[in-house]
């Protein structure tokens, strides 16, 4: 296992950034976010970023193509896929798992080439958790926050950073970094994880009953009752991947871009003659059933949630997947 | 306080004064309170809470709830009553279907405020006088209540409860607080500094619309930013311009209607101090057109829908005040 | 998709000299939706219009853009043009490439480039134009004339003659106005009263005319065809219906020392008075400020002597509300105050008088019975100095007016002539900057004054008038003679500039009619619509629009009447279709729009709407009365949800223009 | 690997001909810029048509795969994109991507079967592709019955083709109906579900159905009354779609994505899915 | 980035139909020159100007936006410009608060008779904007890339 002195973390960042673009979680106007590293940029002390790491593969807005229109003719210039290698440092285990979930959607044929290119060019360095928040429940989704995965796993212990390559890409990066020491990480005491209030959530029940049982639960009415229909849960969620494709007309060019969309929005499924999810109840149900039932149905039981707890912290009315899952489970017995 | 709120709610249902109660429902933790409609005293006693973490302003829910069958009781903090009156002023609430219970408010706390103090893993909380004893995964911490107060409550404008059918606690007064201090601090900066400040803040915006959807003044049937026919529909934080446009136009649309309840800042997942934009406009309107508080009464014409012949010209802005 | 035709006008060389019109037409032909683009010398000509119509038919155009002069000039013309070719007149947009382009830019390249952009903006807008159909609103067949001078009287008479009822509101106790104070009229020298008073009587006797004297307009609401006007009829403390005008009270009233306005304070009247013998209505009026009965509750002489029992000390102001289809402003003029002209010693010597005062001094019904006597000592003046342009044509503007008061040259010539005729022993000097006598028989008149009557016309300005030893020492320069003159005059007569009556400004505000910087009413078009205000249904008669002599005033008065008649004969008016329109699905019913509407055009209705899952929701939504809405757009911006839009100037249309310009 | 173009990026195609079918339906003939058919497809598949700046929308390909020269789309005017399409003139370029969806199992489940097509209004558009495919490979299928109804005679899409080709073809039985009587109409009058019941088809047939949801609902009930099973009935769905790739998250009915898993579903597949369409 | 000498700003002038548009016409009739950068958009009244239009102009590439209307008291619709005055004052204040150059926006009352004032205003405004340079703080890069 490679190791580095944490007091010289900046030097390691500099060494990585000297080879590839590096993103680290840093505080930006009081809010931790993955930020392009530049000398002097310090890592956040917060457990995790406000927005998730999905931004780096699936940015909120992405140009797809530009169209030039003249008279009756149209010409298309596709946007360039990103070509540059980059490194993301400090991804937590939950966010790292979210990449698997995103992969299952975006890399399914026909693959999304923009996402695909970003994934291919990125080296993910994960960071093990030692001080979880009360909202963390990744462990109940089978994630080990102390074995975070990615191309390289990292641990911070006793003033040192320990790095372990998990993939050839990770190995290549570590190999390219000189001056890394060798060492074995000391055993850490994970007892705090046993105290997590949400550690015993059970999501398996959603695969055990027919889809329609969940869909027709009378609880949706009261659960969704105070939902504001905003998109904050969706946009901070590392696994939400719904998008919209829109055109922007300006400067004589029509730009087609894709941007994050939220199934919580009233216009999400709006068509010329109406919508099949006319009230917030249907939209709310869609979001949670998608994570708890639909996605697992289509992806070998993989729950569309990684237990990062962001939605627990960010929802304006504190309604979230934990409350929904618990209520549905209770309601079904 | 919590007890009287719950008992009042339960008895309103039991005595048939109302068929539903709009209040706050307990969650997984001590702070994750959800607005909810209760239909039985049993539910109320089981799940209803009133704690310093019941920040959510319930007045906006009345737009839909007051149009439903039967009477609904609602619990409103002083701040919320301003929104309640303002919404009535805009004909958005059927007052006859509402039984408004004013709850005096000690100032609301915020888990984010606790976390800003360096607390992690919040699992429990007990109030003891002016102190909060907070249980965390990493041990118990004592925090002065004032330090846990949410940002908006630190410049509380009024403890007065407006247009309530009943009051729990005592009727309060308007307060003189320096709620414009941060606005003034920004005004004192150079334009470059202000631009840098806002760029940094607004570039965090993810256009989740939480600020808009929670805002009692943003009660439009369809927001212009959602209306494909408006010509400005957009849902993406697609460029720095779109963030500016959204927040400028939103501030402008609620100008004279915003009661300064601060919900926008409370719900912002990105912690953008959005209330400053509204406060700036409130401050300007107060200075230029006379003091006006939205939702303080039913009669006064809001400044954006009124004028005087002597209003200052826009040049006081474009040419700079104080000879700047 | 639209099929748009673009027509670029050369306007002779007005546009073509600085804008490459062919290039504009060529470049614009490439814009999306444009299927036809051409240029022509005069689009507004018969041939030009036919060309447009032909193109509309041949190319099945769905929108027309004309790049030409200001839409304020020919928008209406071209709307008719396209309408005749079967296109909705509101599917037309005009790009103003003359006033806003060719006339202000010299460089052809720049001007051409700008013309293209303006054309593009118009094309972008017309893409979104929707056919609009004008609604109808009824016309109240009654007119209001504000001001009862010769202008108002003439207008009222003409309207009444055409068979429409008309009300005259006059603030003074009698109609007649300034002309009643004038002695003789130029250039014919016939007696003003002799030609005016019969008209006053005609007005009084005309069944269609209702004279509201001693009254003022208090409030005006509504719009063309449908004005509602509140008129305050001031208490005159005399029952108009009972008073016979015998004048006994005016002889018996003990309050004798009240300056007589009619004679401009040159003599006195009683507290109860009839302004002059031929007043219409010939009814006494009590001046409440001087009546002992009204002030102190003691006296009551007039009531005692009045055999008709017309005196009513308890009379109150009366508010009358009436509906009108048209309103004519005929508020007239006043001579400016001489306070600021100390150099002429107006305030120091009573022998320095204004021309209007001189009229009274010459008038047989005036304070001197028509004998010219010096106000100071009642002696016969021998040397008279007339000073022209007092307060007219002033550069600074502070002291006087920048404009020419137009009538002074002629009345001064008249005064000089009359003086010399009646009193051949007098020496009459006239100081002038220029003598301006355009008008039928005007110059001949002036020359007679000089040549036949021996009036001394001296080009130059009077510098100073100093009262000294019963004389007025006049210091003046003779510009042509190149010398300084010193004249010992007995009287100095100042041709004071005239300005709009003080009541005009507040009236304009009530009428929402625009005024120029001098408070003269602005006409809708200086040449082509000189008797109409830009505010529909409001017409201008007489000197309230600009300085005028009597024949001009009467001519304009009749012209205004003709316009009013033209309006009143219609049973309904076509409304402006560019009105606000609420999108009920978007409307919140918040009342913001209603609060800013100056016309009260917005109301609310509770309407059922389809909600989700086959539910029905009752929602309060805004309704606009298109007949009342004037299309200002205040509501469109007040509306937070963007539910209110303005037809013809919709949000999308304006943004499309913005986009096209900024592209 | 980046040489591959993203599936969201469309190709440019040209509208070569526009036919007005009904007052609100037009049929657009589309070819690639090379003048050839843009791509091949299976009956029932869809394509994304778009005008940049106006919008993108999914339409069922109306022409049969057996047509080698061009592609056709019958489009009803009902929204932003369709309004634009209805206003264009031949020669206009548009963008196109596809084909999307599973299409009808014409070469598997349908092979050798007696087919009953039931369509209402613009619902004929997706079926026309199948019908013409079946007509082209007539020998591979059993009997063909077509029940087609619309509000009025004028609203019958492809009326000319129906009269001149389908009706004249042996082994193809066309049953037309309109909702209300009309002077120049001597055919059947009445709603499609009732007409289907009146006609009383043999329950061995495989049913292919498309039309407004209300028609589907009642016709299905009628068919079940006649003894048909849900696994004999195929229909095609339309929901809001943006990507057509099963990624944007809009068009799912339960765990099935209409754009990817559909739009063609056999009705028995729908029973375990929510009624959210 | 453009340097100021070659920078020709794009300026949008919203003019009310009754006074300022006519004032602009008069300035043309009198052949009074002002820069061709100024493009006029006719609106019925100054109160029709939605703040959205101003932001839109900046987004699409305008460097300065000016609103011209009737003088207070002269509004054809009586009160429109009073509302416009409040709206613009607050909008400009908010823009200033966001650090956007306050000189980029202006309100000027121009009557139908003030052709000279119109031209002078446009000359002055263009000069101000040219001095300020291109609008950078409220631009939308999507409208500028080619």
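Letters are used for the chains, namely A, B, C, D and E, taken in the order the chains are written, and counting of residues starts over at 1 for each.
As a working rule, contacts are C-beta pairs under 8 Å (C-beta built on N, C-alpha and C of every residue); 3 or more make two chains touch, one makes a residue touch a chain.
What you see is a predicted model, and the numbers here were worked out from it, not measured in a lab.
Peer 1: Which neighbours does chain B have in common with chain C?
Peer 2: A, E
Peer 1: Between A-B and C-D, which chain pair is linked by the larger number of C-beta contacts?
Peer 2: A-B
Peer 1: Which chain has the mean of its C-alpha atoms lying nearest to the mean of all protein C-alpha atoms shown?
Peer 2: The most central chain, going by mean C-alpha position, is E.
Peer 1: Quick one: chain A and chain C, Cα centre-to-centre, how many Å?
Peer 2: For chain A versus chain C, the centre distance works out to 72 Å.
Peer 1: Where the CA atoms of chain A average out and where those of chain E average out, how many Å apart are those spots?
Peer 2: Measuring from centre to centre gives 45 Å for this pair.
Peer 1: What is the distance in Å between the mean C-alpha positions of chain B and chain E?
Peer 2: Taking the mean C-alpha position of each chain, the two centres sit 36 Å apart.
Peer 1: Roughly how many whole angstrom separate the Cα centroids of chain D and chain E?
Peer 2: Inter-chain centre distance comes to 53 Å.
Peer 1: Using the touch rule from the top of the page, what residues of chain E touch 2 or more other chains?
Peer 2: Chain E, residues with two or more chain partners: 51-52, 56, 59-61, 73, 79, 83, 87, 140, 142-143.
Peer 1: Which residues of chain C are in contact with two or more other chains?
Peer 2: Touching at least two other chains: 596, 638, 651, 655, 659, 663.
Peer 1: Can you pull out the residues of chain B that are in contact with at least two other chains?
Peer 2: As it turns out, chain B has residues touching two or more other chains at 224, 228, 232, 238-239, 304-305.
Peer 1: Taking the top-of-page definition of touch, could you list the pairs of chains it picks out?
Peer 2: Listed by label, chains in contact pair as A-B, A-C, A-D, A-E, B-C, B-E, C-D, C-E.
Peer 1: Of all residues in chain B, which touch chain C in the complex?
Peer 2: Touching chain C: residues 67, 90-92, 219-224, 227, 229-232, 253-254, 257, 301-302, 304-306 of chain B.
Peer 1: If you look only at chain C, which of its residues touch chain B in the complex?
Peer 2: 583, 585-592, 595-596, 604, 617-620, 638, 640-643, 651-652, 655
Peer 1: Along chain E, where are the residues that touch chain A in the complex?
Peer 2: 59-61, 140, 142-146
Peer 1: Enumerate the contact residues on chain D facing chain C in the complex.
Peer 2: Counting only chain D, the residues touching chain C are 84, 87-89.
Peer 1: Which residues of chain A touch chain D once you look at their complex with the stated criterion?
Peer 2: Of all residues in chain A, those touching chain D are 64-65, 67, 69, 72-76, 78, 81, 83, 105-106, 108, 110-114, 116-117, 120, 210-212, 215-216, 241-245, 247, 249, 254, 256, 258, 261, 263, 268-273, 275-277, 282, 286, 289-290, 293-295, 297-298.
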